[in-house]
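Each in structure tokens, the structures are laid out below.
Across the two complexes that follow, subunit A remains constant while its partner is subunit B and subsequently subunit C.
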Partner chain A sequence: MPVPTIADPPQPASAKPQGQPSQKSMTKAERRELQERQRAAKAALKGQPQQQGKKDPSQGKQQPSVGGTPGAQTKTKPPPTPQKKAFGGDIQGARQASASKDTGTGVIAEDAMAKQVSHGLRIFSHFGQPKPVSHTVKGDIHPEIIRLALLFSEFKISGANARCIAMLTAFKQVIQDYTTPSHNTLSRHLMTHLSPQITHLVSARPMSVTMGNAIRELKVEISNMDIDMVEQDAKDALCLKIDNYIRDRIIIADEVIEENAGNKIKDGDVILTYAKSSVVEKVLLAAHSERKKISVIIIDSKPLLEGKVLLKSLTSGPSPIPCTYALLPALPSLLNQVSMVLVGAHALFSNGAVYSRAGTAMVSMMAKARNVPVLVCCETYKFSDGVMVDGFSKNELAPTTVIQKYTHLENLPSSIEKLNPLYDLTPPTYITAVVTEVGLIPPSSISSIPLALGKTSL
Partner chain B sequence: MIEEQYYDSDLHKASPPSSTSCYLQSTQSVLDLATTSNNKMVAEPRSAITTHRSVEVLASKLRRRQIVGSRATALETLLVLRQVISKARFSNLEQLVAIIRDAGRRLVDAQPKEHSVGNTVRKVLHHIREEVHAATRGNEPAKPTSFSISKFVLQGQPRKQVVLQKSEVKGTLRENDPDDPDSFARGLKPVLMEAIQDVLDELETVYDNISKNAKDHIHSDEIVLTLGVSKTVEQFLKSAAHVRNYSVIVAETAPSYDGRQMAESLSSFGISTFLVPDSSIFALMSRVNKVILGAHVILANGGMFAISGSLMAATAARAHSTPVVVCAGQFKVTPLWNLYHEYGALDFGNPSDVLGFENGDLVDKVDVVNPYYDYVQPELIVAYITNDGDHPPSSIYRLLKETYDDEDNDL
Partner chain C sequence: MSSFDICPAFARILQNREVSPPLAAILALTELIRHEDAGTMFELVQAVEEGAAALKKHASNPISVDAGCSLFIAFVTLFPHDSANFSDLKKELIRQGQVYAAEALAYRQKIAELAFGFIKDGSILTHSYSRVVMQALLLAHKRKRISVFVTEARPRGLGIKTAEALTAAGVPATVILDSAVAYVMDKVDFVLVGSEAVVESGGLVNAVGSNQIAIIARAANKPFYALAESYKFHRLFPLSQYDLPSHNSKILSFPRPLLADRRPPNQSSSSTESTAPTSDQPDLIPPRITQEQISQNNPDVDYTRPDLITLVFSDVGSLTPEGVSQYLVGMFAG
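For the complex of A and B:
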């Protein structure tokens, strides 16, 4: 199957009238008129079936066309263009300019946004501003990856496990569609083919620790491939390795964690959890299905209000778990009835610090202050070798478009800077134990786990 | 007789077909009518009912939460008390105190969680006693000279407010004068009005006095974290912004998201403002130099009730050794203790702010809680900045002793 990419020559915008005067010399009314004409032409174009893989640049700005897969196209809605914000009042003009001048103005708009940010404090500058979804694809990117990148950037797929599984599944497709060029071997060349794919994914949303760990593992597997192996066999072998990785390190690991954490849950326990973690959800549902009488307090907070999703899944079904739902500031009033705090993790650093959804640190802190045990459910593949000392040095900001979608709150004047960090770091002192598939470990012993699992070098 | 005629005519205006046979009864009804229409011509005996009414009006407003905010309630209470005192008839101090206490009790019962009502009543009582003592005893030395450690706390009023000597009444006031029972009231009332005016002035300048020293607390290039919306904190930060260039991080404070309002106000004043969700307080705390909070009530032990979220911000600040400073008017200092329901907020907001009806299917199955206040322990607070100077939490009790009389602690 030929891989359709943006590298194909783009079709010239048919809607653009020939010999049009320069934008600046036109009056406002003229511009508006021109824009109306362009819109009409575009609407007409949209009616026709689009040529596969070829992108109309004027349309590419508004609607990400995803490698000619109509299913995905309906699923990924066009995100509100960030240019709207940057240009404030003259939205119309801005959009028109970006529509007619190919890619140039898009860059200018991003620059304008970056400049706005730089008015703020310099200490926040390292967060970087969440990048708008870039539809300009550089290089040879597999459509599956382009699709995945869009899903990532719009938070359709979020959560460390989900993103890692989605990435590995996409890589399987990429590997199957790969052909080794002549005068090269798969074990040497495949990684150079994968790196731009990874770069593209990272440009959509910063890479999670889980993804990094999986990619590292994959690299080792690729370089260990026998040179003499038939190409299709090698690909199949790699796909099998990926499947095994997903099964062993994520799915089975979750089942073991479910059991380990379940052992700590007694009848009558009130379990408090924060936001949503897929593992915690499984633990709670499993405990409930074992007919343990538990009740759950779900604490939630902006920016993503993910707890509502957990609330839905716990209360749906024939026998709902008794749940209490509250926002983060209400936590201290609820803590005195809690027997255990159960939270998930995004990553675990070797000093025992837990990098998790923003707010987890406060929940653990308050629980520790009231002597409520805090259990963190975390698979060992989320362990990171590094050490992090606070949640400020490395973080990710949630893009405003995503936040608006999740919280339905009215717009604020743009003069206020909004910071929406997605993660924070829970110091190891607040954590009673980490529940992993190799048992319950105190956070101080985290550093020894990778070695115990057979990792030879630090 | 003139009065009766007046009522009679009024009665006929109000209800012309009334017969003479029910004259007495209808006069009575007109009395009520006259008071309800707030008729200025009503003479002395009816005034008790009028003042009574203003107390009731405020009480029902408090009950319906039509008046919210500590300062607004304190002001309203003061105005009502002024009315009550101006209309009150008394011939000695006990009677006056009983009248004020009675009005105060009604208002406090109407909204027991709004402590500034009770505080205002206590403060007025304290001022009245001071004035009366000054007026009746003249310049006779009030204080016994013997000091002992055991008495130190009880009598300890080291910074007693300067009582303005009202020379015109000095020595002439006598309680329970058998010849003229009103003479005490007549002599005292102007002084009382002035005393109330003092309290009123103090309330009106409370923000200015709190923010007076703002520049000493906030330094250049500092990052200050605050949450919710508090007029006091807002004025404090704005006042500091005149001389200092600093940044403010405002937490949104779910579920009211009042922080947005605060952020808007601060940023429109030209302060560099960052609005963050509550969840990121811990992550950002390592870069915050100071946490400035508002208070709802300051308790006798130095702890406070504040908007929910304050406890977490204060605990996170403690974890990072960041100082927590509370800005509040002195009228929020309450002679109450919070020893036994440490975690109970005791006041709950609307749950639909947390989980709205757009999640209709969830609403039936789930308990949703929205506590309004947090109790913040004194250990978490470094200082209170009040209009009466800056105090550590450990000396709040002294402020109480200076401001209120012990016998008023329980109204």
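For the complex of A and C:
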């Protein structure tokens, strides 16, 4: 497990073993033991390299300049000048930093670079630069969450469903390892314990709508917990609730969507999809396993090229689905043989707009122009009660480290700003229907779904 | 299981000219419940579903029958069955079904009154024959000066029935060819059609030809109104014409090429089945295609996209297509 080590002096809070009761509830002996351990840790640190002294003030300022980061000084050869405006040099430094295998230092240098670049982006600066997870863990963060944050920030887990499931599973662990402090109750205190965990996850990558919805649900469940319940029982009950949420709103929902979308797939259909969605993948595989004769066109695009993963999963296995893989520019010439476009979604807004992987809007628009039906597969827990009218007001930028993993943007002049929004917004007019677990719904009626399900919130 | 056969009952109920297929389906299902000796709710629902499936198989227009059946099945399954006695529950279900059907007969009057507000002195284009459109037109005729163009509506030619009925009532009506819709469009104020079913997208399933009328109306910027009783609202989402449940491989299929027997005799023996006249003079005598053959090859209903429809008048109000889909989602998704 990649638990952060080098960069920071272990603060008392983070040095404390996770899940340990707070100091108040410890016995005297335990407290002394803890103190001893902390003292020992401090002494050990003193013995380490001498940048320690330099490091602390930079942390206090909350603005780690590139030069100030100890890792960058020790591990990379030329320490990039901190104040210079020409960020070409910084990129150079950052690239070298990331090239050096030490991820910790690379990430910190990257962080600084991201800050510089965000000044460079003139019109999209509000997107907020992706900041790789800082290894300075503030407060009482569960190791499971720290691990998850790293996975999120490195895009090892990137799908909306996957992220939500991973987060909820981690929360189960956090809840199990939690003990209510004395003079407090679980229903009132647990959320204050979870909030810093959530903050840490969000610092790794902006929260997805799915995670937000799940957290809101969890909050309600926690506050509804009976005060008189035995603590372990309450924890088990919460974990069960989480399991049920994952099962009902994601796993079963996907199965129903599989069936609903499968009903629309007929023999001989050519289905076009964009990038990769876990639901679409399941739908296609299910249709194929029902011995429907389908073929699939996967349209993909830089920078993430997620379609390759889908291509692999559709064509591997004993009976591969006939697939065509093409990049976005080839879309117009492929569209005339397509009978249906099937895409996934990151979130769905109440005006019927679909927030999905950048490029989806283009595919749907073109399909609409050719009278090809566009189906969006989306579970109802991805619905957001907000309204979004374009993809510029809110978006997320792909971090440079991730981009470089998939595409090689070497030899780009430093004067070029790189903009890689992760998402775009497909207006409802380009969508024929949204396939949900409650049926096929035209995008114009999305807003009536929560009411129909008898919910005031999603 | 009882020996009750639902199809004759359905046919008998349909003899009443006021009763439309979805209502007849509901009534037939209530009769099925009466004859059913099911002892539990589960058995009853199962029997009703079997009956509905049998009806769909035999009905000439399965989409509207299906709309009525699914409405009734939803009603039966969601009916609060806390009564201690199961036979009481059955009686209550039957009573409710019949009450609904009786009430539903009054829906057309309500729709006609709703549509009346939109009818001005002038010309109206309608398609085929629809009871609810007839009622709306006859109501409008009492107070306004309207004239009606009605399409012939091949292959069943029901437009002639409409024109005759309207003329008998004193409404100036004339039959136009299905292919003359674009010709007449500039002369009419709006288009008024009935419906077989209103689907979840807000679109319309109706006698074939409605779609092209809607397209022409849109091109000519004329309003396209549909009239539909709420029992015709159907939880179905056709993505295209070929996604309708009524579509089958026979529709739009190509007949065996009649010139096949011009092939050299040594090639195949399949030409022996072909009729004698074509084998004599294949080039001169045009292939005989009967009206029956044409209608076999053609669809009975088509699907009109929601964006071509201006308003849907129903007993739950005048709805935009979006409103229809929201109503349907609310009705069934809950």
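Criterion: the second predicted complex is superposed on the first by the 331 of 458 C-alpha atoms of A that agree within 3 Å, B and C clash if a C-alpha of one lies under 4 Å from a C-alpha of the other, contacts with A are read in each partner's own complex, and residues count from 1 in each chain.
The rule is short, and it goes like this: a residue touches a chain if its C-beta (ideal position, glycine included) is under 8 Å from a C-beta of that chain, and two chains touch if they have at least 3 such contacts.
Quantities reported herein were computed from a predicted structural model and do not represent experimental measurements.
Participant: Clash or fit: subunit B against subunit C, after overlaying the two structures on subunit A?
Facilitator: fit
Participant: Going by the contact rule set out at the top, does A:E417 touch subunit B (first), subunit C (second), both, or neither?
Facilitator: In the superposition, A:E417 touches subunit B alone.
Participant: In the superposed arrangement, does A:M340 touch subunit B (first), subunit C (second), both or neither?
Facilitator: In the superposition, A:M340 contacts subunit C only.
Participant: A:I227 contacts which: subunit B (first), subunit C (second), both, neither?
Facilitator: A:I227 sits against neither subunit B nor subunit C.
Participant: I want to verify the contact counts: of subunit B and subunit C, which reaches more residues of subunit A?
Facilitator: With both complexes superposed on chain A, more residues of subunit A are touched by B.
Participant: Which holds for A:L440: it touches subunit B only (first), subunit C only (second), both, or neither?
Facilitator: The second partner, subunit C, only.
Participant: Is A:I449 contacted by the first partner subunit B, the second partner subunit C, both or neither?
Facilitator: second
Participant: Using only C-alpha atoms, work out how near subunit B sits to subunit C after the chain A superposition, in angstrom.
Facilitator: Nearest C-alpha atoms of the two chains are 18 Å apart.
Participant: Both subunit B and subunit C touch subunit A; at which residues?
Facilitator: Subunit A residues touching both partners: none found.
Participant: Flag every residue of subunit A that touches subunit C in the complex, lowest number first.
Facilitator: Residues of subunit A touching subunit C: 264, 340, 373, 375, 432-433, 438-442, 444-445, 447-449, 451-454.
Participant: Spell out the residues on subunit C that touch subunit A in their complex, using ranges where they run on.
Facilitator: My answer: residues 200-202, 235, 237, 239-240, 243, 306, 322, 325-326, 328-330, 332-334.
Participant: So in the complex, which bits of subunit A are touching subunit B?
Facilitator: That would be residues 119-121, 123-124, 301-303, 308, 311-312, 315, 320, 322-336, 357-359, 361-362, 365-366, 369, 390-392, 395, 409, 412-413, 415-421, 423-425 of subunit A.
Participant: Any idea which subunit B residues touch subunit A in the complex?
Facilitator: Interface residues on subunit B, with respect to subunit A: 223, 247, 249, 252-255, 257, 260, 263-264, 267-268, 272-284, 286-287, 307-309, 311-312, 315-316, 319, 343-345, 354-355, 359, 362, 365-371, 374.
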